[in-house]
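Okay, got some structures for you below.
Common to both upcoming complexes is subunit A, partnered first by subunit B, then by subunit C.
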Partner chain A sequence: MGYVLSREAFAAVIADLSKNYRIFAPVRKEGAGRFTDVDAVIYDYVCDSEKIELEAKSDYASKEFLTPLSETLLYFTENEVKESDLDTRPVLVFGRSCDINSLKRLDQIYLDNGLAKDPFYKRRRDLVKYVLIGCGHSYDNCFCVSMESNKCDDGYVFSIDLVEDNIQSNVPDKDFDKYFAQHCNDKKDVAPRYVKENEVKVAVPDSVPLSVITDALWDEYTTRCINCGRCNYVCPTCTCYTMQDVFYSDNGKVGERRRVGASCMVDGYTDVAGGGQYRRKNGERMRFKVLHKISDFKKRFGYHMCVGCGRCDDICPEYISFSNIIGKVYQASKEVK
Partner chain B sequence: MGKLDINVGKLKKNAFRYSKVRGETASRIRIPGGVIDSKSMGRVVEIAEKYGTGVINITNRQGIEIPGIKLTDMEKVNAEVQLIIDSLRINQPEKGKGYPSSGTRNVIACPGARLCPFGCYDTTAFAQKMENNIFPNDRHVKIAFTGCSNDCAKVRMADFGIIGMTEPQYNKDRCVACKACINFCKRRSVGALELVNGKVVRDTDKCIGCGVCVAYCPTRAWTRSREHYFRLVIMGRTGKKNPRLAEDFIKWADEESILKMVKNTYAYIEEYIDPNAVEHKEHIGYIVDRTGFEEFKKWLFEGVNLGPKAEVNQRVYWGGRHYDKYGG
Partner chain C sequence: MTNNNPYLPFASDILDVIKHTEKEYTFRMAFKGDVKPGQFFEVSIPKYGEAPISVSGIGDGYIDLTIRKVGRVTNEVFERYKGQSLLLRGPYGNGFDVDLYRNGEVVVVAGGTGVSPVRGVIQALSQMPDATDKYVIAGFKSPADMLFKDDLKEWEKKLKLTLTVDGAPEGYTGNIGLVTKFIEGLPLKNPAEAKAVVVGPPPMMKFTIIELKKKGFKDSNITVSHERKMCCGLGKCGHCRVNDTYICLDGPVFNYEFAKNFVD
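Moving on to the complex of A and B:
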C-alpha cells in the first residue's frame, strides 16, 4: 500500500515521525565541500523534511550512524571500565538502494563473521530502521545494476520518491501506515523507483586467478593514487576501523577507548610490531582494496562486498575510477584462462 | 601627418599611452579582476586590426594595450571601446569618451575560488566590487587580490594586497586521525597542526588560514568557515627609490572594512599628496613615510568597524632597498 503526498503533507509526516524517531538523513551542507563555496551531502540528524536531500546522491554513506567515523566505546579509570552511553531512541536512516543493500555487508562483518557479534555495532543496529529513497535516475559513476544492488524488495519501512513535486511513498511496514494515513487520503499503489540501467557497466570476473596479483595493471596506481583514503571513508561497505586508547593528559590514569574509521589505502594500515608494513606501495593497496571488494569477500561469504554506488569514483581527487579497475581485472582474469 | 596638437596630460588620463613612436599611441583596456568576456575580446581584436598593427599587448596588471594607434584615431577608438567599457561595467561619467581616468590602476585578481582549488573567495567578484568602489580616480593606487596565501597574484607588490583566508572549522567527531591535514599543513604550509590524544589541535597563532587542511581532509572533519576572511597587506611597491614588499597589516579582516579602508585612503591622499609631485603622481607609501603611520591609520579607520576576529598590526615596518638614501 502507498500514498501520494504533497510536500506539505510529507513535512507533517516527518514532523510526526521525528517525535518518536531520530531521523538520520542526507543533508546538503552548504560550503562543507573541499573547495570554497562547494557543498557536500553528508548524513546528519534532521527534524525538518526540507533539510533532507532527496535529489543528489550523498557524498558520504549512511553507514555513519552504525559505524561512526569516531566513537568513544568506553571510559576507563584504574580498575574500572564504563561503556559509553548511547541515545537509545529508535532511529530512521534514509538511504538509497545501494545504502540499504550495503547493510547486509555491514551486518555480515560485524555480526556474522566468526563467533562474537560486535556489541557496539549491535547496540546501534538494534535501534535502526531504514527508509528507502527511490532512484528516479542513475547518477554519475553508479554501477549498482552490475552489482545487483539497484533494487531492494524489503528491508525498508517506507519509501519516498519525489515525483513532480509530490512525494510517493510505498509503506510496507504497517506500523508506519498511521503516520501517512493521518496526513494524506490519496492512497495509491506506488512502487519505489529504481534504476534499470546505469551508464557505467562492469563485468566482475567469477574468479580472479592468482597471477592477477602480480599483474602490471596495479603499477600505475602506485604513482597516481595519493593514498588519501577518501574512497574508503565514503564507501558504504568499508568496515575497517582502528582503536585509540587515550589517557587524559592531566591525570594519566583515566581515559577512553575510541574506535575510528580506518582505510586500507592510508599509511599505517598494515603496520606491524617491529616497524614492518605489508603493503607500502599504493598500487599494492589498491590491489588489496579492489580484490577485497570484488573477489575475496565473495570467496568467504558468497556475494560481492561492493554495491556499485560509485561514491569512491565521485570523491577520488585523482580521478581514479574503481569501476574501470574492475574492468581491467576482468580483462586480466580472462587472459589467463 | 599634418600638425598635431595634443594635450598629453589629457591623453594619458584618457587611458592612452604616450608612445615613443611619434604620432602613435596605445589604447589601454581596463579589465578588473582579469576577466573579460569573449565578445569584448573580439572587439579588442577588431580595434587592433582596424586602428592598430594587429598586435595586442597583455600587460602586467591584467590589462590590454593595443599599440600602433594613430593619435588622430583616438576619438574613433574611444567610440569602439565603449562596448567593452559597457560590458565590463566600468564607471564612466560620459559615454563615448573612453576611460575617464587611468591613475588608479587596473585591479588585479588571481583566478581564485572560481577555478583554483585553493582559492578562499571569489577574487574576481571582489576585484570588480573594488573597481566599482574606487574608479574613476586619478590617484595612483594599485590594488591586487589573491585567493590564498600562495599569492599567485603577487599582491605584496601592491599598495593594497588582499589575501584570502578561511578559518578552518574542526569537527572532532568526523576525525579519524589519518594525519593528512597535519602532514600537508607541514609540507605545503606552515605546520600549525599536531595530533594530541588522537585528535588534531590547531595553533591559532601560527595558522595562516590557507585552507590546505580542509582540502586534504578526507572525511570533512575540517571544513571552511562560512565567513570569508582576508589578510590585508599594505604599501608594497616597485620603482626607483625604495622598492619593497607589502607588509602584514590586518589578519582576519572582512570585505566591507577593506572596501571602506581603501576608499578612505583616497581622502588621505588628497590631503597629503606632495603638490609638486611629478605628473601629480606619488605612491601612497611615500606619503605614509612622510606623514607617519599613525596619521595614515587615523584616516584609514574613519568609520570602519573591523570584525571581532580582526588582528591589527598597530605598527608596520617595511624593508626593501633604499636606493634614494644609500645609492645602488
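Moving on to the complex of A and C:
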C-alpha cells in the first residue's frame, strides 16, 4: 500500500517523524564540492523535508551513520577503561537501492565474519531503519543493474519518489502507515521506481585466474592512481578501519581509543612493526581493492561486494573508472580461458 | 554492552621479564585458559594503541610474550616492570597443531623474532621421547641478537639444532650464514615425507621454501605462519586480509599448499 502526497503533506510527515526519529539524509551543501561553485551532496541530520536532496545521487554513501569516519570506542581514565556512550534515539537513514543493498555487505563483515559480532556496529545497527529513495533514472557512472543491486524488495520502511512535484510513497512497514494516513487521503498502489538499464554496463568474471591477478594490467594504476583513498571513503561497502589511541594534551593520564575509516589505497594500511610493508605500488593496491569487490569477497561469502553505485568513479581526481577496470579484468580472464 | 565486548582488554600481571637483547624482552603474563603455540594476543596499552604479539611460551597460569621494542606500543610496553600489569585481548588465530609433528622427520626453520611463535613447537619436539629426527635451524642477525639462549642450549641436547647468524664480529666460532645455507646439508632420510615449519621475515620464508622444495619437500608438508598488520584480531578491520583469507581468523598458521596462492 502507498500514498501520493503533496510536498506540503510530505513536509508534515517528515516533521512528525522527526519527533520520534533522527533523520539522516543526503543534503546539498552549496559550494562544498570538488570544484569552484560545485555543490556536494553529503549526509547530515535534518528535521525539514526541504533540506533532503531527493534528486541528485549523494557524493558520499549512507554508511556514515553505521560506520562513522571517526568513532570513539573506549575512554581511558587512570585505572579505568570505559565504553563510549551512544545517543540511543532511533534513526531513519535515507538511501538509494545501492545503499540499502550495501547493508548486507556491512553486516557480513561486522556481524558475521569471524565468531564475534562487533558490538559497536551492532548497537548502531539496532537503532536504524531505512527509507528508500527511488531512482527515476540512472546517474553518471552507475552500473547497479550489472551488480544486481538496482532494486530492493525489502529492507526499507517506506519509499520516496519525487514525481512531478508530488511525493509517491510505498509504505511496507505498518508502523509507519500512521505518519502518512494523518496527512494524506490519497491512498494508491505505488511502487518505488528503480533503474532497469544503466548506460554503464559491466560483465564480472566468474573467477579471476592467478595470471590475471599478477598481470601487467595493474601497472597502469601505479602511475595513474595517487593513492588518495577517496574511492574507499565514498564506497558504501568499504568497511576497513584503523584503531587510533590518543591522550589529551592537557591531561596525559586520560585518553581515548577511536576507530577511524581506513583505506587500502593509502600509505600505512599494511605497515607492520619494524618497517615491513605489503603492496607498496599503487597498482598492487588497486588490484587488492578491485578484486575484493568483484572476486575475493564473493569467494568467501557467495556474492559480490560491489553494488555498482559508481561513487568511486564520481570522486576520483584522476578519472580512474572502476567499471572500466572490471571490464579489463573480464577481458583478461576470458583470454586465459 | 560491557558483557562480552571483544574490544575490552583484560588486565594481566607481569610475572617476570626475561631480557634477551637490548631490544627484545620476554614478558611472562598471568593467563588462565586454552592457548596454542602460534596464536597471538593484542597487547592493548591505553592511549598508545594495540599490537599483535605471538605467544612464545605457554605454562601453568602464564603465557610468554616476546616483544621487540620497535614502535609506539612496544616502546611503552618496555616501560612496564615485573609486578605491574598490561592489558591484553585474545588469544586470536588458529595456532600450530603440534601433533602433526610427532612422527617422522621434521625441520623447523625460524628467523629472528620468528622463533617466538614456533618456540612452543620446538619445545614439544625436544620433549618427544626420540627427537633424533627433529631438526631446527634458527637464524639471528648477529650473536648479540640471539633470543632464548637458555632454550637453545637445552634444545641442542635433545634435537638436531643448527644455530646461525647472518654476520658476526671477528673471532666468532659458530655458524655464519643465512638459514637457507643449511637446508641442503640436512641429513634427511626421506625429504618427500618430511614436514617443515617456516617462520620469519617474508624474504627469509620465501627463500627457505625454495630451498626446501629443492631438497624434495612437498608443498603440503610445509607449514608457514604469516605476519600482517592487525587492528582487531576479529575479522573486522580488514588490514590482514590477503585474497579471500583473513590472516587473523583463518591463520596466522597455514599449510603452504594453500598459502602459496596468497598474492599481496
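Convention: the second predicted complex is superposed on the first by the 337 of 337 C-alpha atoms of A that agree within 3 Å, B and C clash if a C-alpha of one lies under 4 Å from a C-alpha of the other, contacts with A are read in each partner's own complex, and residues count from 1 in each chain.
One rule holds in what follows: a contact is a pair of C-beta atoms (placed from the backbone, for glycine too) under 8 Å apart; a residue touches a chain by one contact, two chains touch by 3 or more.
As the structure is a prediction and not an experimental result, all values here were calculated from the model.
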Give one of first, second, both or neither to describe whether A:Ala191 is in contact with subunit B, with subunit C, with both, or with none. neither
Can A:Tyr278 be said to touch subunit B (first), subunit C (second), both, or neither? second
After lining up the shared chain so the two structures overlap, which partner does A:Val163 touch, if you call subunit B first and subunit C second: first, second, both or neither? neither
Check the residue A:Pro68 against both partner chains and state whether it touches subunit B (first), subunit C (second), both, or neither. first
After lining up the shared chain so the two structures overlap, which partner does A:Cys228 touch, if you call subunit B first and subunit C second: first, second, both or neither? first
Does the superposition put A:Tyr110 against subunit B (first), subunit C (second), both, or neither? second
Any idea whether subunit B or subunit C touches more of subunit A? C
Which holds for A:Pro119: it touches subunit B only (first), subunit C only (second), both, or neither? second
Touching A:Cys47, do we find subunit B (first), subunit C (second), both, or neither? neither
Once the structures are superposed on A, label A:Val336 by its partner contacts, choosing first (subunit B), second (subunit C), both or neither. neither
Both subunit B and subunit C touch subunit A at residues 242, 244, 246-247, 262
Listed in rising order, subunit C residues that touch subunit A in their complex are 1-2, 4-9, 45-51, 68, 70-71, 74, 87, 201-202, 227-229, 231-232, 234-239, 241, 243-244, 246, 248-249, 261, 263-264
Within their complex, subunit B touches subunit A through residues 113, 117, 119-122, 166, 172-178, 180, 196-198, 211, 214-221, 223-224, 226, 228
For the complex, which residues does subunit A have touching subunit C? 73-74, 76, 81, 83, 109-110, 113-114, 116, 118-121, 123, 210, 213-214, 239-247, 252, 255, 257, 259, 262, 264, 269-274, 276, 278-279, 284, 288, 291-292, 296-297, 299-300
Residue numbers of subunit A touching subunit B in their complex, please. 29-37, 40, 42, 60, 68-70, 228-230, 233, 242, 244, 246-249, 258, 260-263, 266
